[in-house]
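Next come two complexes, and both contain chain A; in the first it sits with chain B, in the second with chain C.
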Partner chain A sequence: MGDLRIEKLAIDYGARAVIQGLDLDVHDGEMVSLLGPSGAGKTTILKAVAGLLEPSGGNILIDGHSVRGVPPEKRNAVMVFQKPLLFPFMNVSQNIGFGLRMRGQAGGETARHVDHILALTRLEGLSRRKVHELSGGQQQRVALARALVLKPSILLLDEPLSNLDATLRQRMRELIQTIQSETRMTMLFVTHDQSEALMLSHRVALLLDGRLRQVGAPRQLFHHPADPEVARFFGGKNFFQGHIQNGMYHSDFGVFAVGPQDGNGHLRTATIRPEDIRIVPRRAESSGGLAGRIVKTNFEGSATRIVVACSAGELVVLTSQDGFLPGQEVEVTVPPDKLRLFPDA
Partner chain B sequence: MDSPSRPDGDARTRRGPDAGGLVLLLLPALAVVWVLFGGGLALGLVQALGYLPVAGLGELSWGHFARVLTDPDFIRSLLLTFYIAGTSTSIAAGISILTALLLASLVERSRVIHFMFQVPLTVPHLVIAVAAVFMLAPAGLFSRAAVALGWIQTSADFPLLINDTWGVGIILTYVWKEVPFITMMILAVLRQSGNALLDVGRTLKASPWQRFRYITLPTIFPAVGAASLIVFAYTFGAFEVPFLLGRTYPMTLPVWAYKNYSDIDLLARPEGIATGIVIALVVMLAVVLAQMLTKAARKRGVIL
Partner chain C sequence: MTRSVRRMTGWIVMTAVGLPFGPLILWSFSERWFFPGLWPQAWGLRAWTYIASTAGMQVMAAIGHSVVVAAVTAAIAVAIGLPAGRALGLYTFKGKDLVSVILTLPIIVPPLCVAMGLHLWFIRLGLAETYAGVIGVHLTFCLPYAIFVLWGVFSNYNPEFEAQARSLGASRLAVITRVMLPMILPGLSVAALFAFLLSWSQYLSTLIIGGGRVTTLPVLLFALMGSGDRPVAAAVSLVFVAPAFVALLFSARYVGTRSLTGVH
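Right, the complex of A and B next:
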């Protein structure tokens, strides 16, 4: 059992309200990412759930019981911090067994549990190592193991991978994913990295300026952002202004058939993802797209990011094709079915 | 982009001298220290071995050391010195741990408290010893206050705290003087790594007592140990406080050494110096141990 419910949570630091009216449910066995830019209040929320910080309002329920006023050591939630914060005066297995010993578990049983977790986190052979003899990635795995061994209802992970290099981060993501699916432990995973959140979680909760802007499946947030700011956070660059008229969206960038919509005549914002725009070199006979000229190209490896100046404004295009050059005349096409219309502002 | 011909810019970005360069720079100062200290010690050793032509002593021998080391008075002095240094250090360490914990939890950044703690650090021991005489003596401030408050009949009823058997006055003086020092050392460590680790302990379900026992104590242990050893070394070798507040018999080793050294009988001099060298050995041992603790702490990422 591992059920977390956050109701109308409010947290201040002195006079500054950092979190306001935040609601979030994490269900048993679920992996939810709390995604947000630096300073959004992610750590603050985790600390409140762990009990390290007293909220100024709202309620937190773990397994259906309110934990208001319950100290962290009596809550069935364990937090893994942004930095490993291992105990420097203990070796690896002493660090991992710490929580079990504090619980008063017998030595033999503790050793058995620690061995199991060492294997799960691929740390076999390092059990006698001193903490300062470990690499950053190993330290982070020990921190993870130290929390996992307690089998909490809820595991709270605060950007545990942010200090690792790209390769190691990828391996650790896979490790966390494997552990999650093997143990079915409920996890709330904080990150500022959108691809990490999309890859790891069953659901993503996007936090901007202390408020949850959208909660949903990774694909839903990515393809159906609730508002332009959510879209922008996921790399949205192209925003159109226009209005609906009989199933057609009229904008500066052209008229698109978007099907029947409410709010005839209302002003609506729309967006198109850079990778959904098609781009071709301009030829004598037009293919029906928008004419434009390339302002800038950025090679990003698997794709090239191209800024195209059209008469209505600039569009950012992401293409896997090579060979586009600044100054080149091109034609871009916006597929109407990929256009995302936001609800009325 | 970078233009190589910008000497001022280069100078600004140049990093400090490495460890080797630093030693070179410090060499003159180090040489003076070593010649004065090491030379003094060597001279002392020669004299302690019995080379003192003025007094008609010309042969080197371990005789003075042997005589000193087997003298029952020396043994009594040695025990008394260990007792005073050990007791005052232990009491100061205990009080310092409690004070540091209290301060760390109460005031994160109070400058006033900081200042209050730094004052005793700068007051010379001699001044404190004199102040202790004024306050603790049978006719001192405390005794008179106790009489005035009606706690005791006459100042003769006031317990003997100065020139007493148990060295209470000396120990109190040392405790008062050393607590701020040890406390500051502990506070520095607690500020560096204490609170974050305690949060880890809380989320890993350690009770308040367990957090103190298994996190705080091991965290501050090197600091307490190193600071205590330094304080121990100091109190073991210090002369002025036991000279003013101690009894005439037995004396602490430093007082005994001084008495012997300044005796009109020049023959007592080598014994005084031999005693001084014994003191120096104990002090150096304590300092080396303190250094080892500091090194161990640095390995764990704590800078003392």
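Right, the complex of A and C next:
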């Protein structure tokens, strides 16, 4: 069993409210990412669930029971911090066995559990190492192993990969994913990296300014953001203003057929992802797109980011084609089916 | 630092520390040593036999008093210095600057003034000429040092280790004994060592508050020096610096500079 329910959680540091009215459910065996920019309050939420911080309001239930007033060591939720925080006076297996010893588990049994976790986290052979003799990635794995070995109802991970380089981070993500699917352990994973959240989790919860803006499957958040700010967080750059008239969206960037919609005549915001816009060099005969001139190009490897100035404003386009140059005259097309219309403000 | 530079520094330090000890050792083994001679004119074990047999009981008793006073002083200094250093190192609060000024006072003000000032109070409190009184006056010097060392230790201490330990199932008490104490052990040892040695070397304050009744080793040493027997005084001096020397070797070997900055 591993079930977490957060109800109307409110947390403040002194007079400053950091979290307000936050509701979140993490179901048994689920991996949920808590995604948000730096300073959004992600660590604060994890600490409250782990019992390291007293909320000012709301309730937290683990396996259906309120944990209000329950000290951290009695909660079946274990938190792994951003830094590995390995105890320097213990070797690797002593670090991993720390929690089991705190529970008063017998030495032989502890050793058996530790060996099993060492294998799971690919740390065999390092058990006698001193912690300062480990690489950053190894330290992070020991920190993970130290929590996994306790088999908590909920594992709370606070950006455990943020100090690693890109390759290592990718490997660790895969390791965490493998461990999660093998153990079916319920995990709440904090990150500020959207691709990490999208890749790792069953569901993503986006936290902006102390509030959950949208909770859902990775594809849902990415393709159907609830509001312009969610879209912006996932790299949305192009926002149109316009109104609906009989299934047509009349915007400053043109008129698009969007099918029947409610609220005829209402002002609505729409967005299109940079990679959904098509771009071609301008020719004599127009293909029916918007005319524009390239302001800037950024080569990003597999794609090139292009800023195009049209008469209605600038558009950001992401294309896999190379060869566009600043100053070049181009034509961009916005496919109406890729246009995402936000609900009425 | 290159090896040769490091070696040279080592020699300079050794010489500076060793220089006063040469004559002391020579004195303690001399029978007769008059001024122009670079060397004692007659060698002998008189001084050492004297402090081992004739004055043996006196010396042993003085060592005993010194050890007890210094150990109790160090224990109290660390016991109070630990929470105080933790509060100063980890938290910000109003009046923190004032605390640091007050702590430096006994270090800046001459010990004589402190001891004289306290003497009147201690007489009234019945602490004059008692062990408790002597330990009390030693604490006025040892406690600030202990607090300063532990303040430094906790300034570099990451309390998140404790939060992590709690989350892994450690109770409040276990966090102190199984996490905090092992983490700060090097710095804690230095603080205890400082306090012990500072108390061990107190003379004036012991004499004033103890009134000659609490005969620690320095008190005996000065009495013997007053008697004008140079070889005996030299031998007692050597006994007196022995623990400091052992402590120096110990700290150089085990703690080094790392201890003062704590562990991350």
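Simple rule for what comes next: the second predicted complex is superposed on the first by the 345 of 345 C-alpha atoms of A that agree within 3 Å, B and C clash if a C-alpha of one lies under 4 Å from a C-alpha of the other, contacts with A are read in each partner's own complex, and residues count from 1 in each chain.
Everything below uses one rule, namely that a contact is a pair of C-beta atoms (placed from the backbone, for glycine too) under 8 Å apart; a residue touches a chain by one contact, two chains touch by 3 or more.
Bear in mind that the values here come from a model prediction, so they are computed numbers and not experimental data.
The superposed arrangement places chain B and chain C in clashing positions on chain A.
In the superposition on chain A, A:Val215 makes contact with neither chain B nor chain C. Of the two partner chains, neither chain B nor chain C is touched by A:Val317. By the touch criterion defined above, A:Pro72 reaches both chain B and chain C.
In the superposed model, A:Leu157 makes contact with neither chain B nor chain C.
Looking at the shared chain after the overlay, A:Phe81 reaches both chain B and chain C. By the touch criterion stated above, A:Phe89 is placed in contact with chain B and with chain C alike. When the two complexes are laid over each other on chain A, chain A has residues 50-52, 71-73, 77-79, 81, 83, 85, 87-89, 98-99, 102-103, 146-147, 150 in contact with both chain B and chain C. Against chain A, in their complex, chain C makes its touches with residues 158, 160-161, 163-172, 174, 178-179, 182-183, 185, 263-264.
Chain A makes touch with chain C in their complex at residues 47, 50-52, 71-73, 77-79, 81, 83, 85, 87-89, 98-99, 102-103, 146-147, 150. Of all residues in chain A, only 50-52, 71-74, 77-79, 81, 83, 85, 87-89, 98-99, 101-103, 131-132, 146-147, 150 touch chain B in the complex they form. Chain B makes touch with chain A in their complex at residues 193, 196-197, 199-207, 210, 214-215, 218-219, 221, 299-302.
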